[in-house]
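There are structures below to look over.
Both complexes shown next keep chain A, but they swap its partner, so chain B is in the first and chain C is in the second.
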Partner chain A sequence: MVIVGGGVVGAACAYYAARAGLTVTVVERGAVAGGTTGAGEGNLLVSDKEPGPELDLAVLSSARWAELAAEDGLGAAVEYEPKGGLVVAETEEGAAGLAGLAARQRASGVEAVEVPAAELTGYEPHLAPDLAGGMFYPQDAQVQPMLAAAHLLRASGAEVRTGVTVTGMSRSGARVTGVRTDRGDLAAGAVVNAAGTWGGEVAALAGVNVPILPRRGFILVTEPLPPLIRHKVYAAEYVANVASDDEGLESSAVVEGTPAGTILIGATRERVGFDRTLSTAALRRLARQAIRLFPVLADVAAIRAYCGFRPYCPDHLPVIGPDPRAEGLLHACGHEGAGIGLAAATGHLIAQSLTGARPDFDLHPFRPDRFPEQP
Partner chain B sequence: MSQIVFEGRPVPFHPGQSIGAALTAAGIRSWRTTRSGGRPRGLYCGIGVCFDCLITVNGRPSLRACMVEAREGDVVEGGGRDA
Partner chain C sequence: MRDVVVIGAGPAGLAAAVAAATAGLDVALIDAGRRPGGQFYRHHAAETGRLHHDWDAFVRLRDALDRLTYLPGHRVWHVEDGFTVHALAGDRDERPVRIDARAVVVATGAHDRSLPFPGWDLPGVLTAGGAQALLKGDRVPAGKRIVVAGTGPFLLPVATGLARAGATVAGVFEANRPYGFARHVARHPGKAREGAGYAALLARHRIPYRTGHAVVAAHGDDRIEAVTVARLDRDWAPVRERVIACDTVAVGYGFTPQLEIPLQLGCATRMDADGSLIVAVDVTQRTSVPGVYAAGETTGVGGAQLSLVEGELAGLAVAEAAGGVAPDPADVQRLLARRRRLRAFAGAMHAAYPVRPGWMDRLRDDTLVCRCEEVTRGRLAEAAELGATDPRSAKLLSRAGMGWCQGRVCGYATAWLAAGVCGRLPGADDLRGIARRPLAQPLRLGDLATDDQP
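Moving on, here comes the complex of A and B:
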């Protein structure tokens, strides 16, 4: 089989497919993790999702990541940190909203521990003293996303061909039988579209419509510091931002330390196409919001920023599974800002689809033909 | 010639030189160690991009040695906040 895309989703598909006994070649136009994977924070979050199919997938994926991390050396290699997430509210109203969300999420298998205002600094000593309360999510975790993609690919034993662009699909009647590339054709029993934000273009090569669009995000990086922030900490407004349909600049601080010593401050959301222009307005807002949560950061230098493009579908759900319009083609893309977290379950379910095993998850909400055909 | 003080020892500099350049010219090629592994670090890119050459100047931590102009009597210690 051929997987198009060497990001974390393609890598997870390669890993699980190879483990199921398939022979895998990964074709990547740029470098491994060179697209959205390399522009993320490495969030494995269950806390930021409303109940529904995406949360169910996140809960499954959280368990799969824990299994992966327990495999020989892999957890340390990808900097897996089951550190938990702490969501904080600035107002009583916000805290009540968090409590309501947590109650709904618990029915989906999410663990959530209410943290009264007075106990917040027990979790995070440097938090602002005037917050109204919070919710702790022990299942939230973190990986270094580039290392995750690279190590999953290495562990898969797949042949990885970087710098190779897919230019078309080979067909036998309606069936997809491989890919055409700028370095020759590759025959395959199945082709998996794991091209992330560019998944719509790959789908179009097979003549099918999968509408995926870019949603830009900036991340601000501080100078390396001694350990200061223990968990993934974010403001309650983040959940509303993730689910929002607004086109303009939105941001809510997600703050976390990394094993390298830097602190990552995400994340903005904007629909501006593939524009990479640095936005100082966006970075200023991120910095202000992070300082609101952690006043100690006011005195810390930001040393760089980076941006990337989340792949989003109109209904904000990923596209996972076989395409009934093009036999032999499967999709594993459109995970928006949750691709690192959802990668493990996505790879697992794609491998089940490929081997004809009964999937242990209903893929219907993620089916690729759920969108209206383009006129 | 003007001098800065690096970890207690005088180091000469030419006006306009960066602290990183002055240290390197004096044969001091590393002034901090990496967080994991303790490997030596000094100037790498030399143009303010890589943040490898972090140094503490007059008590201010985590400055880039390649970007800070040396001033008479500056007291310089290796490393940054996490050293």
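Moving on, here comes the complex of A and C:
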């Protein structure tokens, strides 16, 4: 099989497919983890999702990531930290909303522990003192996304061909039998489109419509500090933002420390195409929100900012599984801002599809042909 | 809204700002330094010009600063299209400042280009430019017994300046053998006089000057006590080594233009003959972005005289575009001719003082490449094994260049090492991949949060 895309989703597909006995070649236009994976925070979150197919996928993926991290050396190599997430509310209403969300999420297998206002500083000593309450999610975790992609690819034993651009699909009748590249053709029993934000372009090479668009996000990085923030901490408004259809600038800061000592503050959400121009308004909002949660951050220096382009579909669900319109082609893309977290389950499900195993999970909500055909 | 904001008050920025202001434009000249002059004219408060070439040119420009708004002590961290300059003003109690202007002249200069070697993280190892800055700004020689090494004519003013200030210079080790360069120097009477002056000073202070030699290691426990100097072959592989005692080593392998702001604004860049990324400009110093001009080292390292000429050309071009003030054609012809000559000289200099791949032979697996994040050459090799095929992915997989200096010190070396793994020399795309810095300066989150408040 050939996987198009060397980001974390392609890497997870390679890993599980190889483990299922398939011979895998990964074709990547740039460098490993050079696209959205290289611009991510490494969030493995169950806390930020409303009940539904994506939350189910996230819960499955959380367990898969924990298994991966337990394998020899892999957890340390990818900087896996099962640190848990703390969602905080500024108001009593917000706290009540959090409690309601957690109750619904628990039915999907999410663990959530209510944290009264007075106990918040026990979790995070530097939190603002005037918050109304919070919810702790022990399943939330973190990896360093570039290392995660690179080490999954290495562990897969797949042949990785970087700097190779897929220019077309080889066909035998309607069936996809491989890819054409700028470095020659590659025959394959199956082709997996794991091209992330550029997945729509790869789908178009096979003549099928998978509508994936970029949703820009900025992340701020602080100077390295001694450990200051223990968990992934964000405000309750974040959940509404993730699911929002608004095109304008939205942000709610997710604040977290990293093993390197830097603190990551992310991320904004904007639909502005592939524009890399820095938005000072976006950074200003991130800084304000981070300081609102952790006043101590006002005196900490930001040393870097970067942006990436989340691959989003109109219904905010990823595209996973075989494409009935083009036999031999599978998709594993469109994970929006949750690609790192959902990668493990996605790779696992793609491997099951490829080997004819019955998937652990109903892929119907993620089917590639669910969108209206383009006129 | 100003007519133009000039960023950087070194030779190019001063010349641009004064030319535009003299033509009647409303000019703001913004600079991180406390005093005008940049690195070349860096000076002590009581300076009379003894330590500087072309001091008169500087005095003329400094005396014209009352024609414009000069803003020292401002660190620019971002420039938005349109144009809004975001800066931090002040020393300890910095406050965010915004300046709007219809045009921008980028004259942000260059910083030292470093190449790592075992022991280069020891106290007492500094850049040639760092030693020069201490001397010019604080009148302090960086050490008592100093070795100067690297490549390029800049090593000469550093070594002779240190000797005149009372330090013992144990040797100048020039990695190249620039035999053919003398005839280019001979064609420029000013440069020839300058060169002869350095030769006389080297002789008077009995400073050994060795071509085809480099410092390949520094030794010491808490600080540097000695260096290993090697004779190099044509590709800079070390041939024969000896140890020289010293308390300080000043090393420089050319300069890296500071391109944060032009890259923020989307200006087209290209690679110069010295292997540095530079801003592409046309004959009037215009970049590819309307309203943005660049002058001096950002458009190609070439020294202060060239910067003065380019700055003046940029200032005249802004005055014509923004103020409708046509410059005197004779002035422009004179400046263009001078720029041509000085650019040709810079080209000959870059050809005579290249960086050769053998410098990488000095590195051991445990030699630090990125000092901020303590990334060794071995870690970069691991990143390559993991699939890093360019400097940007090498950085993402190894953390090289992710620390305080944001790759300003290690970026060039990382680019060589990452490209070298793929069997090539670093190209323009390699350098672009690690040159983008949306935050050109660190800034407090508190200042960022209130950046829009007057």
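Rule of thumb we're sticking to: the second predicted complex is superposed on the first by the 375 of 375 C-alpha atoms of A that agree within 3 Å, B and C clash if a C-alpha of one lies under 4 Å from a C-alpha of the other, contacts with A are read in each partner's own complex, and residues count from 1 in each chain.
Going forward, a residue touches a chain if its C-beta (ideal position, glycine included) is under 8 Å from a C-beta of that chain, and two chains touch if they have at least 3 such contacts.
For clarity, every value in this text was computed on a predicted model and none was experimentally measured.
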Fit or clash between chain C and chain B when superposed on chain A: clash
Touch check for A:M1: first (chain B), second (chain C), both, or neither? neither
Of the partners chain B and chain C, which touch A:A287 in the superposed model: first, second, both, neither? second
Is A:A260 contacted by the first partner chain B, the second partner chain C, both or neither? both
Once the shared chain is lined up, is A:A194 touching chain B (first), chain C (second), both, or neither of them? neither
Could you say whether A:P226 touches chain B, chain C, both of them, or neither, answering first, second, both or neither? first
For A:L131, is the partner it touches chain B (first), chain C (second), both, or none of the two (neither)? neither
May I ask you to decide whether A:G163 touches chain B, chain C, both, or neither, giving the answer as first, second, both or neither? second
By residue count, is chain A touched more by chain B or by chain C? C
Going by the contact rule set out at the top, does A:A301 touch chain B (first), chain C (second), both, or neither? both
Quick one: from 130-138, 148-156 or 184-192, give me the piece of chain C that collides with chain B in the overlay. 130-138
Doubly contacted chain A residues - partners chain C and chain B: 223-224, 260, 301, 303-304
Okay, in this complex, where on chain A does chain B touch? 223-226, 259-261, 301, 303-304
Can you list the chain B residues touching chain A in their complex? 35-36, 51, 54, 62, 80-82
Which of the residues in chain C end up touching chain A in this complex? 78, 80-81, 86, 264, 266, 373, 385-390, 392-393, 396-397, 399, 402-404, 406, 436-439, 442-446, 448-449, 451-452
Of chain A, residues touching chain C in the complex: 6, 28, 30-34, 38, 146-147, 150-151, 153-154, 160, 162-163, 220-224, 260, 262, 265, 276-278, 280-281, 283-284, 287-288, 290-291, 297-307
